[in-house]
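The next part holds the structures, each set out as structure tokens.
Below, subunit A partners subunit B and then partners subunit C, in two separate complexes.
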Partner chain A sequence: MTLLDGLILLALISVLVTMLGYRLPVIGWLTSALFAGQLLVLFLMSGLGYGGDTIHSSVALSIFGQPLSWRFDALSWFFALITIGAALASSLFAAGEWGRQYRQNGGNPGLLQFSLALNVLTMLILLASGDLLALFIGWELVSWASFLLMAMAGGAAFSWAMRYITYATGGAMAILAGMGMVYQMTGSLQYADLMAVAGQLSQAQVVILSLLFGSGFAIKMGVLPFHLWQAGAYAETPGPGTAFLGSISSRMGLYGILVVLVQLIGLGRLIEIDISFTWLSLRDLLMWVAAITIILPTFTALRQNDARRLLAWHGVGQGGYMLLGIFSATALGSSGGLMHVFNHATYQAALFLSVYAVVHRTGTADLNKLGGLVTRMPLSFLVMLVGIIGLAGIPPMNGFVSKWLVYRSLLIEGMPLLFVASVIGTLGTILSVYKLIHNMFLGQLRAEHSEIREAPWSMMLPMLVLSLIVFITGFMPGLALDWVAAAQAAVGLPVLQHSLGGVEMEQGGLDMTWLVAVLFAGFGIGALLFYSTGKTRHVNQLDNYAGGHFLTADVRYHYSDHFYAGLMHRIGHWYRESFQWLESVLISLTGFVAQGASGFYRIVQPALLMLVVVVLALWVVR
Partner chain B sequence: MMTLITELFLMPLVAFVIGLFMVLMMRKIGARLQRRVGPPFFQPLIDIIKFHSKETQISHGLIHDIGIIMAVGGYIAAETLLPVPGMDGIADKGGIIALTYFLMIPSLGLALGVGQCANPNGSIGISRALTAMLAYDIPFVIVIFGVSWHYGTTNLVEMVNYQQANGWGIVEMPILALAGLFTLQGIMGKQPFEIYVAPAEIATGPMVEMGGKYMGGLFIMQAFQFYTAGVLYTTLFLGGGENWPTFLMKIFIVVSIPIMIAYMFPRYRTEDMLRLMWKWPVIAGLIGLALVMH
Partner chain C sequence: MSDLKQIPVVAKETGKERTNPLANVFDELIRFAQARSMFMLHYCTGCGAIELPPAMTSRFDMERLGIQPMVTPRQADILLITGYVSIKTLKRIILTYEQMPSPKYVIGICSCTVNGGMYWQSYATAKKLNEYLPVDLYIAGCMPRPEAVIEGLRLLMDNIKSGKSEPWKDYYQRYDYYLGNQQHLFGDDWQTPTDIIGEAEHFGLMGPETEGEHTRLLQQHQQPLEPHKMRLK
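Right after this comes the complex of A and B.
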């Protein structure tokens, strides 16, 4: 039995334990312990993260003569680390008081833990897949496991989950078609066989294969134009489930793209193919899709009035940076894209958990019904602050490093428009996350929230640990870049030469250890200057300038709704909701065809029956 | 190592002193254009001391304080990324992209501090300020891309070396330099793009709840902001600093241009700023970029 068998066995045990013991009051803690155990096994395999040899599973099957195998390489290890880490944080968050309150409100925390364990198991199976058939089986398992997590709350969540599974089924069809094509070309579904023929495939075959596999996996990522399901489906998932889904679930699509497009077919093939009548190659086209995936969802997020929706839309947008970086096919860019997977998972989980901490205390995530909570929940504020700095990609948090790597590679490659597009995405993110933190934590505290307390420790612990990781991997990005470099080597991308502080380059590198140290020294001097002079007096929040009005706590005095009025005045009419329209056209078209088919059947059916009767009658009277 | 640490202390200090002179220059220019005498020589320094020694210092909470600390501290740190004659600081460890994002930290601090004040006028001011940032940063990043591509580096020290060997950037990239100058007006928050600072009607802008040393912190921030804008533009287009006399001359001239334009203009609304910034400097920037990259 190898370590990989042990890991998957432990994941399976976690599923069984949560399935049998979902009524136990301690199930949350138990599941967390089991996730911690899985993380421990993963650490025993940590040689992989630093370029160690692939670990094979001793389980091997054969279906219809097709051998199925499972193995873990550096890329699988990197994704598995994020998956189990996110699951552990989510599970811990739900284990204590959150779970109790959820049970009181009619929810089933045991089912939530079970869904988490099931998701982790299926994701590990997917990440371990050693051939295309195993990949497809893992892919389907992941789809249905996430469907369970999304749908378990019922109601609106269920209809969003249905929307997801409709998309996912379409994606699976595309992947299946791609596999059929591979099988027809090579006579096998082994990775090695596809890799061997990848160089000889005709351009048309490469285009069709990448479109089939690419769109199939992109649906999970929420890449445009397949993004409409994601924000709603994630936002409606109960509490920590959202954090898990938002941080890692959709990146399974990226894993698929990395394996099939990058490792097996090779980006070199995509770069060769020019698209007629444009100056773009197929790779460039995919990069533009990624850039649009950054911009449009980000500016959709800007208009959301629900904290969960806002974050979920950013999750869609940030996926674009990962794709953009990876498709750049350079050492810098692809390391940025891969590192962003890790970074995004850490800050996005922290952000979702801090939103759910607020929801836990106040009962709402509506950005127009909160405000001023920093005085009541300072630690949650801190977590959200760290998270939004990471999400916006501002130093000193880790999100800046991965985005810097992507920007830098676009600069070296000479792709100005993509560079500008990715910066526009970052600027939009800054606007939107400030609105998030302002409307929830800053401004006026509502009278009904004046007595609420900070979230309990069982919830604070995972939040604080996550934000610490966000900061430390921003301060010393080399820690995460080691794993990224090993993953790059595993899929055949050029490997980034890095140091603990970032990248050393003749033409302008990055050393975060210095930058962050100097930044905090600057803050220190600023604090010295501030606190050494003039004694301050704290005043009530209503003790401020109101243009002659007399303020009381009854009057709402918090600027939250339509926060960027000036901006919307200019760009508001650019929101055409074309994709919503396209989706609805597709839905009505399908409905129309289905109705037509059933109508045709109904019209034809009596005629056919008549025919049969007539024929029978003729046969009888003959 | 010791020289580096000395530089790290000296660079913000120099920036602060020069920034104060730039504030003085702004007031003097304004005064002369309006046929006044203007303030005495030490007025900016006196103002800062006065703000910090006020008896009433109203705090609206911890984040209000931390916001000011971030605003001032962020600029102190950012100044060490800008090479000046004889001192490179940690300029080779960050580069232009890191600097651009570093400069958002003070703005974020200010935004957080204003947000804590629970005054909707302040929040509206921040909403305008962030919108303005979205307006001027798009042409600004086009300029940054063009410049970095032209010099083949993001390292500001290398950019200065290149220019001192091959001639100034403004000669080789005149259109980008023009676009950069246009965005400078927005970055510095000067008329016609000063609605987000609202200096003329403090009660309806981000500074509504700022008094005493809070205002003093913002005053220091303004001094740093002028200095940063001047040095950054000089480094990108005007050959950077060979020696202090010419360097000082360059940065003061750069800063005086937006200031002189400012006193001749009224104000645009936020949405008009977006329209303007997304039109002319972007067009100029893209043309300049095409010329640089062709």
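Right after this comes the complex of A and C.
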């Protein structure tokens, strides 16, 4: 029995324990302990993260002559680390007071923990897959496990989850078709066989394979134009489930893209293919899709008035940076893309959890009904501040490092337009995260929130640990870049030469330890000036200037609705919601065809049945 | 308070001798810097406001003197009142003035702020601004031209540089007088959100006339606004 068997077995035990003991009041703590155990086993396998040998599972099956195998390489280990870490943080958040309140409100915290455990198990199975058939089985398991987590709240959540599963089934069909094509070409579904023939495939075959696999996996990522399901489905999931889904679930699509497009087919083949009548190669086209995936969802996030929706839309947008980095196929860019998976998971989980801490205390995530909570929930504010600095990609947090790597590779590779596109996306990110923290924590404290307390420690602990990770991997990105470099080697991308502080290059590298030191020295000088010059006096928020008006507690002067009116005056008319329109057209078209088919079936039913019987009879007789 | 010499000089209670030989140099430097970077909140009440755009923009260019407009009293140094002050407006002016951080300077532009001007018979207009606020200087005229406005501002700068322009301390040290005039105009239940006596204590600017019968009247009905403290539990 190898360590991988132990890991999967422990994940299976977690699922069984949560399934049998979901009524126990301590089930949250128990699940957290089991996740911590899985993390421990993963640390025993940490050799993988530093270039160790692949660990194979001793379980092997054969279906219809197709051998199925499971193994863990550096890439799987990297993704598994994020998965189990996110699950541990989410489960710990739900274990204490949050779970009790959720139970009082009619929810079932045991079911939530079970769904988390099931998601982790299925994701580990997917990450461990050693051939295309195992990959597909893992893929379907992950889809249905995510569906359980999304649908468990019922109501609106269920209809969003249905939408997700419709998309996901379509994606799975595309992947299945791709697998059929691979089988027809090579006669096997082993990674090695596909890799061996990848060089001899015709250009048409490469295009079709990339589109089939790419679109199948991209649906899970929420890449445009398959992005419409994601924000709603994630935002409606109860509490910590959102944090887990938002931080890692959609990255399983990226894992699939990495395995099939990058590792097996190879980005070199995609670069070779020129698209007629344009100056783009197939790879460039995919990069532009990624760039548009950054921009449109980010600016959609800017318009959201629900904190959960806003963050969920950013989850869609940030996926674009990962794809952009990986498709650049350079050591610099792909390490940025891969590192962004880790970084995004850490700050996105921290952000979602701090939003849910506020929801736990105030009962709402509506950005027009909050404000001024910084004096009542200062630690949650701190966590959100760290998180948004990471999300916006500003030093000293880790989001800056990965975005810097992506930008730098785009500039070095001579892709200035893509660089500008990603910077526009970052601009939208900065604007919308400012809206988020301003509307929730800054400004006027509502009278009904004046007695609110900070979230309990069982919720604060995972939030603080996550924000600490966001800072530490920003201060010393080498810690995460080690794992990234091993993952790059595992999928055959060029490996990034890095140091603890960042990257050393002739054209100007990045050393975060220096950068952070200079930044904090600046803060220090500011603090010195602030605290050394004269006395300060705190005043009440109602002692405030509003054009000479006398403010009272019943006057709302917190500017939250129709944020960025000036910007919206310029760009507001660009929000055409064409994708929503397209989706509704598709839905009505499908409904129309289905209605027609059922009408046709009802009219010609006897004849149709007879036809079927005749065909079957002929087939049997023959 | 039209004559500076009438302001009673209050000895500092701390009684500390200034031992640093460079103290006067620092004071000089700080006053020079203060005089050269002034943010101006213009409370434009009347026709005098029309003279400010040319004074601020390229023709006369106030900004070359380091004077520029500011949108909030919290960062402003000068409160510029440019015309007749109705009683309703005066409440807002006092609120705004009290929200400015010290040191702060008040300039009344136009004759209306000096003596009511053409509104001197009006029942609804405050005639003398310096009964309600300590005014640093008046720029008389109906209306004063931008040259006169800039001349007045240069005078204020000279006063600040030489350390003569300290009427803002007078508001703390003789708060009872100003509050009495305000109560006479607005009624006995007049109050602003700012706690002037608390600020005077906080910054060590208490004088013999800071408290009196009018402040006692205020304290009877005043509801103090405590700042929100950061709290974990």
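Heads up, the rule we're going with is that the second predicted complex is superposed on the first by the 604 of 622 C-alpha atoms of A that agree within 3 Å, B and C clash if a C-alpha of one lies under 4 Å from a C-alpha of the other, contacts with A are read in each partner's own complex, and residues count from 1 in each chain.
One rule holds for everything that comes next: contacts are C-beta pairs under 8 Å (C-beta built on N, C-alpha and C of every residue); 3 or more make two chains touch, one makes a residue touch a chain.
Fair warning: this is a prediction, and the values are worked out from it, not measured in the lab.
Enquirer: Evaluate whether subunit B and subunit C can sit on subunit A together after superposition, giving fit or clash.
Expert: Verdict on subunit A: clash between subunit B and subunit C.
Enquirer: Check whether A:573 is in contact with subunit B, with subunit C, with both or with neither, and answer first, second, both or neither.
Expert: Neither partner.
Enquirer: Please work out whether A:539 is in contact with subunit B alone, subunit C alone, both, or neither, and reply first, second, both or neither.
Expert: It touches subunit B and subunit C both.
Enquirer: Spot which of subunit B and subunit C makes contact with more residues of subunit A, would you?
Expert: Counted on subunit A, the partner with more touching residues turns out to be B.
Enquirer: Counting only touches as set out at the top, which of subunit B and subunit C does A:416 meet: first, second, both, neither?
Expert: A:416 sits against subunit B, while subunit C stays out of touch.
Enquirer: Could you tell me if A:376 is touching subunit B, subunit C, both of them or neither one (first, second, both, neither)?
Expert: Only subunit C is touched by A:376; subunit B is not.
Enquirer: After superposition on the shared chain, which partner residues are touched by A:622: those of subunit B (first), subunit C (second), both, or neither?
Expert: In the superposed model, A:622 contacts neither subunit B nor subunit C.
Enquirer: With the two complexes superposed on chain A, say which partner A:548 touches: subunit B (first), subunit C (second), both, or neither.
Expert: second
Enquirer: Between subunit B (first) and subunit C (second), which does A:453 come into contact with in this model arrangement: first, second, both, or neither?
Expert: A:453 contacts subunit C only, not subunit B.
Enquirer: With the two complexes overlaid, spot the stretch of subunit B among 91-99, 109-117, 127-135 or 199-207 whose C-alpha atoms clash with subunit C.
Expert: 199-207
Enquirer: Of the residues on subunit A, which ones does subunit B touch that subunit C also touches?
Expert: 372, 374-375, 378, 445, 535, 537-539, 541-545.
Enquirer: Which residues of subunit B touch subunit A in the complex?
Expert: For this pair, the touching residues of subunit B are 8, 12, 52-63, 65, 68-78, 80-81, 90, 92-98, 101-102, 104-105, 108, 111-112, 115-121, 123-124, 126-128, 130-131, 133-134, 137-138, 141-142, 145-146, 148-149, 152-155, 158, 203-204, 208-209, 212-213, 216-217, 220, 269-271, 274-275, 289, 293.
Enquirer: Spell out the residues on subunit A that touch subunit C in their complex, using ranges where they run on.
Expert: 372, 374-376, 378-379, 445, 453-454, 535, 537-545, 548-551
Enquirer: Which residues of subunit A touch subunit B in the complex?
Expert: These residues of subunit A touch subunit B: 372, 374-375, 378, 381, 385, 389, 393-395, 400, 404, 407-408, 411, 414, 416, 419-420, 423-424, 427-428, 430-431, 434, 437-438, 442-445, 501, 506-511, 514-515, 518-519, 521-527, 529-530, 533-539, 541-547, 557-559, 563-567, 569-571.
Enquirer: Spell out the residues on subunit C that touch subunit A in their complex, using ranges where they run on.
Expert: 43, 72-74, 91-93, 95-96, 99, 192-194, 199, 202-203, 225-233
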